[in-house]
Every structure is written in C-alpha cells, then in structure tokens.
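Below are structures written as structure tokens.
Look for chain A in each of the two complexes below; its partner is chain B in the first and chain C in the second.
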Partner chain A sequence: MERRKLIDIVLVILAVVFVSATTLAAFYYAPLEPVDVLTVVEHESDYTGDDVRVKGVVHDLSGQDLSLWDISSPDPGITINVTYSGEGDLSTLASDGDTVYVVGRYDPDDGFSAKEVEIADDPDEPAGWTSPYSAKIFYFHVPAAWTSFLAFGVVLGCSIAYLLKGGQKWDIWALSSAEVGLMFNTVAVISGALWAKAEWGYYWDWNDAKLFSTFVLWLIFIAYVAIRSGAVRHESIPRVAAIFGVLGFAAVPISFISSRIWTSLHPNVVASSTGHLSSEAGTVLMLGVLAFTFVYATLFSRRTAIERSVMEIQDLKEKLEEEE
Partner chain B sequence: MTFGALRIAQKDLNIELRTRERMTSMVLLSLVIILSFRFAFFGFDVNLTGSPELVAPILWTTIFFAGLVGLESSFSYEKENKYLDGLLLLPTSRFSIYLGKMLSNFLFLVVIDVMTVVFIIAFFAYDFGGDILTLFLVLLLGTFSFVAMGTLISGMTMSARTRQSLLQIALIPLIVFTVVIPAVVATSTVVIGSGDLAPDLRILGGFGILSLLLAYLLFGHILEG
Partner chain C sequence: MIGVEQFYWAYLIIWAGIVLYVLYLTQRQSKITKEIKLLKEVIDGGRD
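Entry: the complex of A and B
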C-alpha cells in the first residue's frame, strides 16, 4: 500500500515537471516549422530547367531573433541558394527584393531544397504555416494522440490477457486505460480542431480521412466505456468489454495510417517521407511524449486504485447482504 | 456444424411465421422512417428523380435502423424467455449458434431491404429502372456485412440493461467505415450510374468475411458465463 503511494507521488512529480518543461521548450526553444524566410536579391529569370535557382538573403522577421524561429536556418544576412522543385516557375513568382517564404529543408552544402515557395504579401507574417504560433500546439497534439494510441494498446493487451487467462487485474487495467486513453484522444481531437481553425480556417472537415477515422476511434472507445458503465454488474460484462476492446483496437492503426494512404490535409510530420522535423523540434516532441506518458501513468495508477476500491466495496456489500 | 446452424435459423423462422412479432415491428419501423423522410422533406418538394444522390442515404439509413431493431431482439428474445440455456445445451458448437442467428437475421433483413425499396418507390415515386438487379446485389452484400458484425455485437450486448442503445453505440462506430460508407457509395454508384462498383463491394464482402472469422474466434467467449 505504502509503495503504491510512493509510486503515485513520484509519477505526479514527473508528470508536472515534464509537462512544464514541454510547455517552456515548445514556446522558447522549439523552432516554428517549417517557416524559413528569404529575401530574394537576385534570380535567374531565363533559367529553363526543372529547378529554378533563386538567391536570397535570410530575412529577419521584424526584429524577431531568427535563431528562435528555426535554429537549423543559417544566420541572418548570408546568401543561400534555393532549389525549387514544386509547381510553377519560381522565376515568374519572385523578383529582386521580394520576400519569399520557403518550406523545405536547409542543407549547409546544397542550400534549401524547397517544395513550396510563396511570395509574402506582408513580410511580417510568415507563410509556411498560416499561423505559425498556433503550430506550437503540435507539441501537445501529437503526444496526446500517441498517448491515446498507447493507452488503447494497453486496452488491447489487457483484453487479450483477460480472455486467455482471466483475472480481475486485467479487467481493471483495461477499463482504466480505456478511460484515460479516451481523455487523451479527446485532447488530441480538440487541439487538432483548434489548430485546424487557425491554419485551415475551419474546425473540422468530414471528408478528411484522418479526422474521420480518429473521430470513429473516439466513438469506439466511448462505446467501450458505455458497455462498462451502462450495464448491471454482470459476470459477462468484463468478457464482453474485453472482446470489444480487441475489436475496437483495429481503429488505431487505421487512424494512424489514414492520412498516409487516403487523401487528407493532415500533415504527416513523423514517420513519413514528406516529414521534416529539425532535431530541436524532435527533441521537444520527444519531451512532450514523455510528459504525456507520465501523465498517462499517473492517471492510470489513480484510476486503477479507484476501481479496486469500487470492487472492494461491492464485495463487502455482497458479504453484508449474505450475512443479513 | 452447419446443420446445427440451419436448424437454429429454421427455429427462428418458425417462431416468426407463428408470431410475426419481429417482422411486423421491423417493417413498420422501415415504413415510419421512410415516411419521416418524406415529411421531413415536405417543404422542399424533394424529387428523388432529380436528385438521385439522396436515394442511397435514405435507403441505407432506413435499413440500418430497422435492422438494429431486428438485431436487438435476436438474442434478447432468447434471453428474456430463458431459452438461451436451451440453445447452449444443443450438441453443436457456439459458432453454429452465431451462424444460425446470423442467417435468420440476414433473411429478416433481406425482407426489409425489399420492403424499403418498395416504400421508396411508393412514397418518393422513384423509378429504379433497370438498376434494380444490381441494386439488390449491393443490398444483399451490404446486409450480409452488417448482419455479420451486428449479430456478434448483439450477442455481446444482450445481458446489458441498456442493450437497445448499447447495441447502436457499440455497432455503429465499428461499421461506419466498413459497411455504412461503402454500402452508401456502392448504392449511389448503381443509382447514379457512374463509377466503379468493385472496390466498395470488395470492402463489404471482405468485412463480412472478417466478421465471420472474428465471430468464430470470439463468440464462444461471449456465451460463456
């Protein structure tokens, strides 16, 4: 009993420390990706190859410290080459003195290789993301989504263990993990919707495979919790819930791969060929994942304790009734 | 195994022929849903011939909800009348019980499919024309896929106090991608007459078979205890 309390305290401390660290890092350390700002000083307009080379000067955003925006960028003021391989002809898009926004990857030897280049209407407003500060939500949205997948994975594991071996422990773990995972999934859906409003201009798009499949995943675990709570305490309910946990987990991989195989506006930053994440952003993301995992562990531990008490009270009640 | 399943399906059909309880409620529900659509569109003067993209959503919404009522009573009938123990004592596998129930649910729902199409023709004056045979192919496959997963979930939720709502809450998320969308898209393809049917039919058939496989693995666990 004492050991459990100690573990709980340690978990709470870890969760608080890591969430605070993630918040600080996301706002003060993580770069705003994938925005890089260039001012074109010369361009080769008669260039007729597939790639258009534009020379630009890295532009300081109205007094912003550029190293804060993207640490992987070169220092302000130096001239770099941009190789553009996106749609359209960059030489007609940009002319001398224009400020262009480049979405791409910087390499000290090759310069930028860019897929998207945009001319700025307002040089103070970066264009890679419509709303680069809102993109900070990435460091909370992605860890929340991952933690919900982890939690649902625990539901799957415990459900299978319950079906194969039985035992109240597995049942309590599965239930607790499902509820906590549902909370994280809700956080992921809401934070995603908030970001979408800032970036895309609308909260939700039903035709987007990623959004739709994640919503279905959310519904499935709502149903899982409903099966647990809507039922009378019946011997078969844990077994039924375990089976549903196994069935429902199928939606997790679907939700994860949906934006990679179907049409979706949802960015694929991690584990995809189009993703590019600077090491700083990756570090903050990993910090976020750790932080949310600790939050998960804390809530999971508390939830299982509550459920154990519930079981204990019910057993005592039954004993009392028998004695009477 | 299959013989046992056939006998269970036959038993359900016999009961239905004598009482007509489930069919009556399902057909009436289908009628009421179609009429609700008819009246909900009252002010818009909706003309399905002019906007055939509405046919598939109306058709499948009706079938799914009428079907949910059928699925719900499939096991609760046995449970309420304490016949479930009798079923369990039969010298057949647990999977056969599932198969038999699935078969009877499927047959009931096929009747609902036909009746819903008839109601749409009657109340929306919609002419399916030469598409009607292809339409029934899509309806049969969609119904099979729906019933295959639905019978499994119906068996799972039968002991719950709130089983009516629980069946819907549990079943619908599982079939949104796998049955609802492909069935509606395939039906729209047939009705509008352009597009490729094969991918959606493949999803419907594949999910139906997957559901059978899952039932084979899991249905024994459901009936235990």
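Entry: the complex of A and C
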C-alpha cells in the first residue's frame, strides 16, 4: 500500500477513536464544572488558603449564619453554608434573596467562614461560571481554539520556509493549514459564543479583549484564504501570502494573552496561575486536544492532497498546450 | 440544569462544521479527480 494512504488511514482511525473517547468522557465522565471558579472570579489565590470573594444569593439567613445558593463557587448552582465572624449583625447586612459578596476562607471540610458580607451593586453582573452544564463546551471549545493556533503556527513555519528556501511544498502546506485552521477557529468562535450566552447572558461583547482579538485573528485568516482562493492569479501570490502568513500569525499570541493583560471576562484556565483544572477535567481536556489534533492532521493531509491534484491539473494542461 | 441546551447546540455545531468541511473536501477532490481523468484521456486520445 502506498505510504501516504497508509498514513491517512492511521490518522482517520486515531481521529475517530479519540473523538469518540472525548465525546464519551465529556458526556459521562467529566465534572460539570471543570474549573476551580474561585480563582477565576477572584484574586489569585488558592481557595483553601487565602481569603476569597464569592458571589451568591442569600438563601436562608438565621443568626450569624447564612446559606448561599447559585454561588459562583466552588460548585455553581449548589448551596453552601457560610459562618459569619465579622463585625456587626448579619441581619442588618443582608436579607433573604439579596445578591451578596462574602469575603473569607473556604475549607472543603469546615465550609465557608466569612469575615465580610456586602450587597452586590449590580445583582445581574456575571459572577463567573454560573452555568455548570454548559461548561462542558470547554472540552471542545478549548481544543478547537488550540488546534487553530497549531494550524496557524504551521502556516507561520511553512511561510518562513517558503520565503527562505522556496519550494511548492511549503506553499501548499501553508495554504492547507490556513484553511483547516480557519475552520477550527470558526468552530471555536461559534462554540465560545454559545457558551458566553449561557455563562454571561450574551453571545458577544465587542469590548472584551479576548473576543475582539480572536475576531481579528479570524478576519486575518479569512483574508489569507481569500487571497489564495484563486480569484486573483499572479505568480507573486504565494510570496505575498507567505509574508501575510508570517505577519498574520502575530494575532495568535495577541489573542492568547489578551485576556491576561486587557479587560476580559474570558477565563484563563490553561497555562495560567489563576485557573486550576481538576484531574478529571484535565484528562478529558487532553483527550479533546489529542482528538482535535488528529482531526486536524487528517484534514490537513486531505487538503494537501487536493492541492497536489490541482498542481497535477496545471501540469497536464501545460502538457496539452505543448502537444497542441 | 442551566446550560444543557447550549452544550448540545455547541456540540452539534462543532461536529456539523467539521463534517461539512469534510464533505466540501470530498466533493472538491472528486471534481478534481474527474478533471484529471478527462485531461489524461484528451492527452492520450491526441497521441492515438
């Protein structure tokens, strides 16, 4: 069997196996809430150590204790008991049904010990991860985004190689990777918007640095693919596209770090000191990343095969013209 | 449970997007293969 066909078959098998495993794990194994949200919503701290601030709705207030439900942490949608040890009478600080912030320490065994209780200025302001089931989108959204970054990284590498060494192979690889990467980026943007609707109450916010920078990245690679679509035919197109691919890649690190340095509700749970994944969530995420990487490799291989066939057509046409 | 609907929609859209892209690639490959076959026939026919 031809080596290339064998690689294609292996890639398809790996993609199908890992996609199935990710689906089963995301549906039946992954925890509803993959992130330790206290560290996402609040300052950088371990929630069992330093003081943290938790948003919740007062469910039951009696004496100096209260119960919060629909809290932002540690498990949204559940109720936790809070022991208040701060100054003043708790009944003058909060009432049943109030949306409040409590500041204190959380211990998985002893519960939450609050030193401060304050009424939230804006009860509708998103508290963080409030939609536990939708958080499962995480296991597909993050791998899709990462795969698009990988694909655009391949565009960068191949574009540099093309500019330095020339050669049709690098151009074909860059073009194929850009198209497949754009598809994954589109999937990440749409799934992210659906998740945003569940968590934040809206699909999109143009003032959010992460969302805006990702949109710019998406536009850049739409432009790249449009340049290569064949609408404009000129021998300098591969070179122009290679320069565009190198410059366009700059949007990838900007998109990645945007939520870390500018205003964004988008959480930083991967490669971040403020987000912690449970081991179950981490396992499912890794499965998802592998699954999407194999899907990417499969599609990349198919896409390059098409481009090779296009080259073959051009060669045949030239041959035909020569013979005529 | 909050967010169930969004999860199913996102899951469906993600895989629908990938499947549509695979179908697009397949259709494109098939069209190109036909064109190559035709060109080869024309070239071979010319030689005969």
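Assume the second predicted complex is superposed on the first by the 224 of 324 C-alpha atoms of A that agree within 3 Å, B and C clash if a C-alpha of one lies under 4 Å from a C-alpha of the other, contacts with A are read in each partner's own complex, and residues count from 1 in each chain.
Note that in this section a residue touches a chain if its C-beta (ideal position, glycine included) is under 8 Å from a C-beta of that chain, and two chains touch if they have at least 3 such contacts.
This structure is a prediction, so every number in the text was calculated from the model and none was measured.
Of the two partner chains placed by the overlay, only chain B lies in contact with A:222; chain C stays clear of it. In the superposition on chain A, A:245 makes contact with neither chain B nor chain C. Judged by the touch definition given at the top, the superposed model places A:310 against chain C, while chain B stays out of reach. By the touch criterion defined above, A:134 lies against chain C but remains apart from chain B after alignment on the C-alpha atoms of chain A. In the superposition on chain A, contact is made by A:320 with chain C only, not with chain B. Once the two complexes are laid over each other on the shared chain, residue contacts for A:195 go to chain C alone; chain B is not touched. Looking at the shared chain after the overlay, A:181 reaches neither chain B nor chain C. More residues of chain A lie in touch with C than with the remaining chain of the pair chain B and chain C. Taken together, the chain B residues at the contact with chain A in this complex read 156-157, 159-162, 165-166, 169-170, 172-174, 176-177, 214, 218, 221-222, 224-225. Taken in their complex, chain A has these residues touching chain C: 23, 32, 77, 130-137, 140-141, 144, 180, 183, 186-187, 190-191, 194-195, 197-199, 295, 299, 302-303, 305-306, 309-310, 312-313, 316-317, 319-320, 323-324.
The part of chain A that touches chain B in the complex is made up of residues 163, 212-213, 216, 219-220, 222-223, 226-227, 230-232, 234-237, 239-240, 242-244, 246-248, 251, 254.
Of all the residues in chain C, the ones that touch chain A in their complex are 1-4, 6-7, 9-11, 13-14, 17-18, 21-22, 25, 28-29, 32-33, 35-36, 39-40, 42-43, 46-47.
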